[in-house]
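First comes the structure, then the notes that go with it.
Order as written gives the chain letters A, B, C, D, E, F, G, H, I and J; numbering starts at 1 within each chain.
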Amino acid sequence: MASPLWYLYIIKEKIKNIIDAKPNKSSYIPPDRYRKVPPILKYPKKCISCEACKESCPAFAIEMYYNNEYKKNLPNIDVDSCISCANCVEACPTGVLEIDKHRLETEGLFFYIPKSHTLMIDGEKCVLCGQCKEVCPIDIIIEKPDTYFIEVSKCISCKECYKTCPVGAIIILDEKTHKEKINRFFELKLKKSFGELDISEKINKIPHISKYICIKCGNCKEICPGEIDLNNYKVVNCLYCGYCLEVCPTGAIRTEVKIEAKNKEETYYINEDQCIGCRICYKVCKVNAIEISKEIKIPYIIPDKCVTCGLCAKKCPVDAITKVKKEVAEKTVKKRIIENKIIEIIENDIKEYTKKYGLVKDYLENILKNKILEELKKYVMEETKKIMGENGDKRKNN
Amino acid sequence: MIGKIWNYLSKPELVPRLFAITLAIVFIFGLFWPIYKDNNQLYPKPEYHSQALKTPLAPYDRSIVKAQYPQYLPDLGKITSYLTPIAIFIKDRTLFFGTTIVSTPGGILDEILYYTRGMDTVLESSILLVAFIIFTWLYWNRERD
Amino acid sequence: MPYITYLGERMDLFYFNLTIISFIFGNFVGLEYSYRYPPYHEKRIDKFALISSILGGFLLLTPLYIIGAFFIGFPLGMRSGYGRIEFLIGLSIFVILYLIRWWYVTG
Amino acid sequence: MIDGGIFGIVPFGDIIFKYSMFSTIGFVIAITFTILVYLTKPEKQLEAQKFGEDKLIDIPLHELKNRRYMAIVCGIATAGAMLTQDIFDFALFLTLVGIANIGIVSAVKREHVLNASFQYGLTSIIATLPLFGASALILAKTGTLSILELHHLNKNLLFEKILYGLGMAGETGVAPYYAAKAEMFRAPGSPYILMIHLSSLLLIVRTVEILLTI
Amino acid sequence: MISLYVGLILLLIGCIGALFGPKVDNIMIRLLNIEVSAVGVMLIFLSFDETLALMTYIAINAPLTYVLVRTIIKLEGKK
Amino acid sequence: MFYETVIISFIVGILSLFAIGVQKNNLHALILTDLLECSLLCIIAAVGTDLAEALILPGLVVSMAEILAIAEVLVVREKVRGKKLNDFKINFDLEILRTSPLFISIILVIYGAILSGFTGGAVIASGLLYYFFCKRVLGENIINRVKWVGICGFSGIAWSLWIVGFLGFYLFPKYWLVFLLFAGLGLVIKVCSKLGLLGMAE
Amino acid sequence: MIKKFVRKRSIHLCVVNTGGCNGCDVEIVSCLAPRYDIEQYGIYVHNNPREADILVISGPTTLPWIDRVKELYEKVPEPKIVVAVGACALSGGIFKEGHVLGGIEKIIPVDVKIPGCPPRPSEIIEGILKSVHLLAEKEKRLKK
Amino acid sequence: MDFNEFFYLINLTVYAFLIGSLLLGLHRKIMAKIQLRPGPPIIQYLLHTLKFYFKEITFPITAGNPLYIFMPILQIIVWLSALILAVKLESSLLIIIGLYVLQKIVEHGCGLSSGSPYGKLGGVRSVFSAAAEIPLFAVVSTVYIVTNSLIISDIVSYQQIHGPLILKLPISAFAFFILLVSKAPNSPFGIVKGKDIVSGYLTEHFGLLAGLIYIGDAIAYFVLLWLFIAIFLGISNIFLALPFMILITFIISIINGLTPLLAPHHSVMLQITIAIVVLLDLLHRVIFL
Amino acid sequence: MTTVPIGPIHPIFKEPLRIKLVLDGERPIDAEIEMGYVHRGIEKIMEGKHVHKGLYLAERVCGICSYVQSFTFIECVEKISKIEIPEKAKYLRILTCELERIHSHLLIIAMYCLSIEHETLGMWILNSRERIMDLLEMITGNRINTGYNILGGVRKDIDKEMITKIYNVLDKFEDEIKTIREAFETAPLVKLRSRDIGILKYFDIMKTRAVGPVARASGLENSDVRLRYKYYKELKTYKPVSRKEGDNFARNIVRFDEIEICIKMIREVLELYQEVGGPIREKCEIKGGEGENRFEAHRGELTYKMELTNHGFIKRIMIRTPTTMNLAAYRYMLKTCPTVADAVATYVSIDPCISCTEKTLYIVEDGKIKYIW
Amino acid sequence: MLVSVLCCILGGIGVILHTNVINKLIMLSLMETGIIGFIAYYYYLDVAILMAICSPISNIIILLGYIKYLELKKG
């Protein structure tokens, strides 16, 4: 019975609260810092349709739709799925989206932007054309001596670079494929731990690891029956089973690298009339698609090898390099190629001839030389003995 | 603490014991309670063992019967005065078979049993019946399930 | 209830029941009415409720007390946060009038 | 005045059945429920099994018949107990109800039910001692067993009343001794179980009436 | 009269024997000790001249004993 | 005389109640209730009138019937609990089991028939019980389930006969004799068949 | 008329968490709290489907729930409506890829949706209060 | 029965139902106020009743008919007859207590006939609490000892001479008050409807049947309050009893608001403890008076 | 033995779970806990996801202790990639974490009060809890599932006004919680319902590995991981609390004690926060590797174990939540639960979070099902 | 009479004090003999006859039961 008395005592103190118990306005109207569902498209004009918001959404709530008013794709946020995490707001490079005041308050702060498609540049394939850097809307692609590099933490995965890259050096690590690979990996690992993994030779070459795109997930290392040193990106001991290729999510472990042009219909063409023969393009080209005509000493581009990276065109001081259809280029370049081949054959013949001539000549010269040298040696020996003898006496005396 | 005791009391195994002990305590009080017999009883017996060798209906030869409700006495008398032929046969032969004679339909006890306290007998045999049905059912259905 | 003693006890019950039912109906209507407002409380006095409450307070002392119960039930039935002051006004009017009458009749 | 007026009596020798307002209501209720129990089919129970799917438990026919019979006996006995005006007879009715209760649940082959019914049975056997003992003591003290007669006699029967009440408590499973009986109620088959409960409740009320009367 | 006292003594002896007698943990012994009480009851019946009840008691004693013995045999022994 | 008996039976009752309260085994409790019944019977008997004698019989039967039912409940409970019950047979080959039962049971049946009523039923029952018991112990199985149920049904009819007899007293007081015989006959058949069948139970 | 009115003002809820993260459930508990006090609108939260008028569902319907939710829906007597609370119940939310059905709408008809992860208690109350009118009109729809 | 009488009975029933449900609504409102929240309007109980009354009804497959349907009807029958016997006829108290006890049968029957495990637990708990009705009987006995009658009109007239019984029998009045508490919703003794077993015996009763039970509960609350007022305060007029009813509802709701639900055994044994106290009081009165 | 299923929807449970109580009468003797109703495969979803998306998934492992989950997750990532977060962010994290601890404890005490049907006390506690929810909303921007953490810091900063408001609210809250606590401790009927019920003995902790307040209520003071956590070592006001009874009452009182300490800690953290300056986020880069992080969630020890790749992809993750162990302890507590109502109350008092715990495995052996927690 | 008393008392004490069941049975029958004597002393011969017939029956039942009991205890 003491309990009700105690409570009554408390109630007596709260009597005002009891009488005044009624709903409060403030609890029904949400305060400012509440993140509203969904985020709103505050400045649709600014939108660059980069899909950063879509990529960053963990709940797949954002889809891009074509908007007739603004004539571009705009994000459409699904209210049902939105979890108000504000990833899209922070990921948006142009500040289009807004939840309440969140963007205003956090502007300029660093944010590690998540995405479902991670882009990476494969240094072994990169032709250093720099197109990716040009198209990147937020300038996060950095040039390094041997490759270009995407700063993953800031990348918004708009895939512009991927679209422009002429050789497909940009690799997209998809969440889905990643998951599939991991699943496959676990499957295989389970087999391995039970000793049921079938090890037979499936590949004929020792694979190598590209350090540019390896994400160090360790799938290959764990599945490998031999030995892989991930820190130095080296395959130490290989049994040619090929499982590492199967489980690598990025394809960083591979047997061969093949640089192929994406654009096979167009190619670059050097206008011979304008060319000044500086050969910068020849130096710049990474895929060795530029050769120098032996006839006129002016470079030309082989269409089959050209990956249309446009680096040569960019570097050309006189703008002699232009993009043309492949057939057109082939026609003109054919002549040069045939010429080059003929000249090459002739040159080779000449070279052989001169080689033989040179050999005889050398032989004679060598004999002469040897004799002179022997004479000289004898003389020198005698002289030195004299000097050495005097010196040796002195030393003995000392 | 008190809650524990209360919870402890709720075991079915405890119920008969608890009941027995409570009852025992009450009975101990009963030892000091004035217990006496009123001499104005219904259906009184004569003095014990006084009828031996005097009458063939040995302990059950009654002349007066004092019933609960006197208005039903006439019906009662009919049964008391009646003896079956077997009873008469035995009565003529011996003095020592009074109980047997009385027990056949017609004795004073049967009058009490069948007439005045008939409901008791109905219930008593019903109890036996029910108990026997329980027994039978359990006995024959032991193997089921 | 002032009129109860006039009638026989049995008929009293009937009219009393009617009063309760009309009171409950007043509650119903008040509840329905108050749902037109937002759920939180705003400090303002509702005109309808005030009028009906005062009306009810007056009517309860007349032979129309059944309707009076309806009117005084109206503010009471409004959902929490609404209609309390109005009801209290009506009730106090009723109590004051009743006391005045009682005082007038007895002394 | 306790039971609000007498309508009539039915004599069975020394044992008299009385129809008062109280006993008639009790009688009617008991009989109504007996009929209802006869008509009602037992419920099916969805019971969860440890480590397994839920199971729909049904009462098999042979069990049903037996239990229904017992329930009817119990109902009739309750109805009779409502009317009787003899202490000993009432005690016998109580015992009959008690054993019929055991019969209703003991047909269920579950351990806890059987255990409870055993404990309850033990209690009810023990309870016959105070019940019959108290009525014998009352008989000795007053020379009569009829409640109608006892109503007029003014004798101090406190101890006997307490004994009688305790006997009733044991037989019907009133509060401190409720556990065994309550466990019995966990058996499936609602109408029959209901009969147990009904009988015990009515008997308690009736006992109180008797104890107040004598 | 003496039969009553003998009966009472037997009743009491049987009761005490059944409760505290030697080796009453053994259920058969307890059962037999209770028989003593039963005999005491018989004597009490006899001394109150209740021969019919006595007769019934004697006759009932056999089934009762049978029931108890049967239960004991079923339940005792192996555990 | 009354006082001593009541006090002694009180003491016996108290002792046995305490024993029930203290004991730990259910079987012992069951046995001890038998002792309780002794005390109960003594209290009733102490009144010493014919009415008391009439009251003893129900008390006796009630105790017996309840013990019968409860014992079986206990047995089934142990069975359901998963304990193995002792269920094997020994062949007793005692002389007395072969010769006596027929004789004794015939005497008891005849005597019980003379007695009639409840007492007679009990007497016949003990005779039948002994007979069946001996037969069963010797390995002769006389009664199967069908017969058992048949006898039960028969006893049920006898019981209804007894009810008819009982009601007859009050409805038709003129024909009291017929109903009296009805009652006696019904009761004797009922009780003897019921209790006698017990002998068959293993 | 009275029927309609009564149905609007007396509501029993049955809250079913079909495998959500508890966030919505905690907010529903907050609705009970004195500040929001859902009971003042005549709404009682008692998780008994037999009594319920409104089935409040939160969570992305995990696989064991599919059959059970259907059963539950059957159990609720007419007129009944379903309110889905939170992103998970509406579309599967963040758990779309997991072992979930994603969206309760695929199994049973949903009348009112309350988005948010989790929605505020005031939003939940608002949503339920809006659904009340549907409840009153449900019978007509059923007849049609 | 002439028309006038019949009309009066109908009026009485309506009165009891309306007042009972309004009081129950008030009860909930006061509890809510103690909990620092606005709480439902006081007609809420009425609204619930009406809503359930209009709700669709189907029979669960597990239910054992016709017991399942009969039970709510019985609830109404029980309380209507209690109303008539108590308020109208002012008949024996024991009969009303008997009818009250029958209420337990309703709970039990509802719980068991539905076939739901929760209902069953609720039913069994109602058996527990039915076993705890001893205080009631003790109260009845005490009243009988003092007034020498159990007819309510006699008790009331006794009180008009000797003053209210609550002063003479405070312990019994307390025990009866505990009964009122246990009958009110959200009470510490409400183990039958405990939250841990969903809705207790009402788990599978819904729609119309639940509505009937609600109506019965409202009438029951009225009758019990009236009984308390009539027996212990000596006021049998239903109008004059109204302020006392409101007062008692107030006290009950404060008590219910401030106590948790007791565990089943505790609830039963607490009532038994009260019963023992009242029985001791009774014993004392029997021996010394 | 009857078996009563409790759940998956039940008035007292807020989470779907099916407890099959094996009852001997009203007394529960054994319990089977049937799980899988909340099995969303959260760890599987996380695999192959970016850390930043996994963070939100981790938050939604459980809605009540969402912040602690994300806290532990992000700390684990930072531990693996060796990111040092700025001081300010550190204090903000502790602040939010402790606020959430208060809210969680209050919630569970309220649920306990509701489960013993003491509505009033439960409502009062819920009312006080709303203050804490306000603070949480003010600091993080959301009431539940805050999304406050990001890699290398927190999302938002707090300003002076907020700090003063926090102080004010805490003062009021402290008063309220004191009265409520007193009410809880002194009420005899509450004691009757919770004392000596659901006792977990000290030795049983070893068998079941109970953690958190459950273990601390049984006398295992050292089960608090915060004792060994880097942030908390600096704080002076922090000290673990423990009790020895191990019953429902002790568990709730331990929670009350912890709330008091939390309030003190929040004050200290705020003071420390005002002293330091700097940014709230830092630039960072995720490196691959393996690692684990343990932290004291409101319910007990929470462990995240994960393997990351470069650029922040989760390769594998293992979440070990406290309820897993505490539920195992539930079966030991059942021995001292006399009724179903007590069993349910005891279940609530261990503060279960089923959405954390979905790791029940059924293993069939020789046709019989054996189960493993 | 005296003989019967002696038989009864001695038998009763004997039954209690003996621990072997067979001995107990013997003492029991001694006691029963005493009772038969008592009954005969009051000249209720029919009861005595019945007693004489019925008491062996229960004795035999107990005896056989005990034998079986012993066998069970052994095996």
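Here, a residue touches a chain if its C-beta (ideal position, glycine included) is under 8 Å from a C-beta of that chain, and two chains touch if they have at least 3 such contacts.
Bear in mind the structure is a predicted one, so any value in this text is a computation, not a measurement.
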Item to check | subunit C to subunit E, fewest steps along touching chains | outcome: 3
Next on the checklist: Going by the touch criterion stated earlier, list every chain that contacts subunit H and also contacts subunit J.
Outcome noted: B
Next on the checklist: Using Cα averages as centroids, what's the distance between subunit E and subunit G in whole Å?
Outcome noted: 71
Next on the checklist: What's the distance between the Cα centroids of subunit C and subunit J, rounded to whole Å?
Outcome noted: 90
Item to check | Length of the line joining the C-alpha centres of subunit D and subunit H, rounded to whole Å | outcome: 24
Next on the checklist: Roughly how far is subunit G from subunit I, centre to centre by C-alpha average, rounded to an integer in Å?
Outcome noted: 27
Checklist entry - Got the subunit F residues that touch at least 2 other chains? => result 2, 6, 11, 13, 17, 20, 29-30, 39, 46-48, 51-53, 55, 57-58, 61-62, 64-69, 73-76, 86, 111, 115, 118-119, 123, 126, 129-130, 133, 169, 198, 201
Checklist entry - Counting only residues that touch at least 2 other chains, which ones in subunit I make the list? => result 2, 4-5, 10-11, 25-26, 56-57, 60, 120, 123-124, 127, 130, 145, 187, 189-190, 192-193, 338-339
Next on the checklist: Show the residues in subunit H shared as contacts by 2 or more other chains, in ascending order.
Outcome noted: 32, 34-39, 41, 117, 124, 198, 258-259, 263, 265-266, 268-269
Checklist outcome for this item: Residue positions on subunit I within touch of subunit H in the complex are 2, 4-6, 10-12, 26, 113-121, 123-124, 127, 187, 189-190, 192-193, 338-345
Checklist entry - So in the complex, which bits of subunit I are touching subunit A? => result 47-53, 56-57, 60, 120, 130, 137-138, 140-142, 145, 147, 150-153, 155-157, 179, 182-183, 186-190, 279-289, 307, 309-313, 315
Checklist outcome for this item: Residue set of subunit J touching subunit F in the complex reads 49-50, 53-54, 57, 60-61, 64, 67-68, 71-72
Checklist entry - Which of the residues in subunit B come into contact with subunit I in the complex? => result 1-4, 7, 10-12
Checklist entry - Which subunit G residues qualify as touching subunit H in the complex? => result 2-3, 6-7, 9-10, 33-34, 37, 39-42, 46-48, 50-51, 53, 77-79
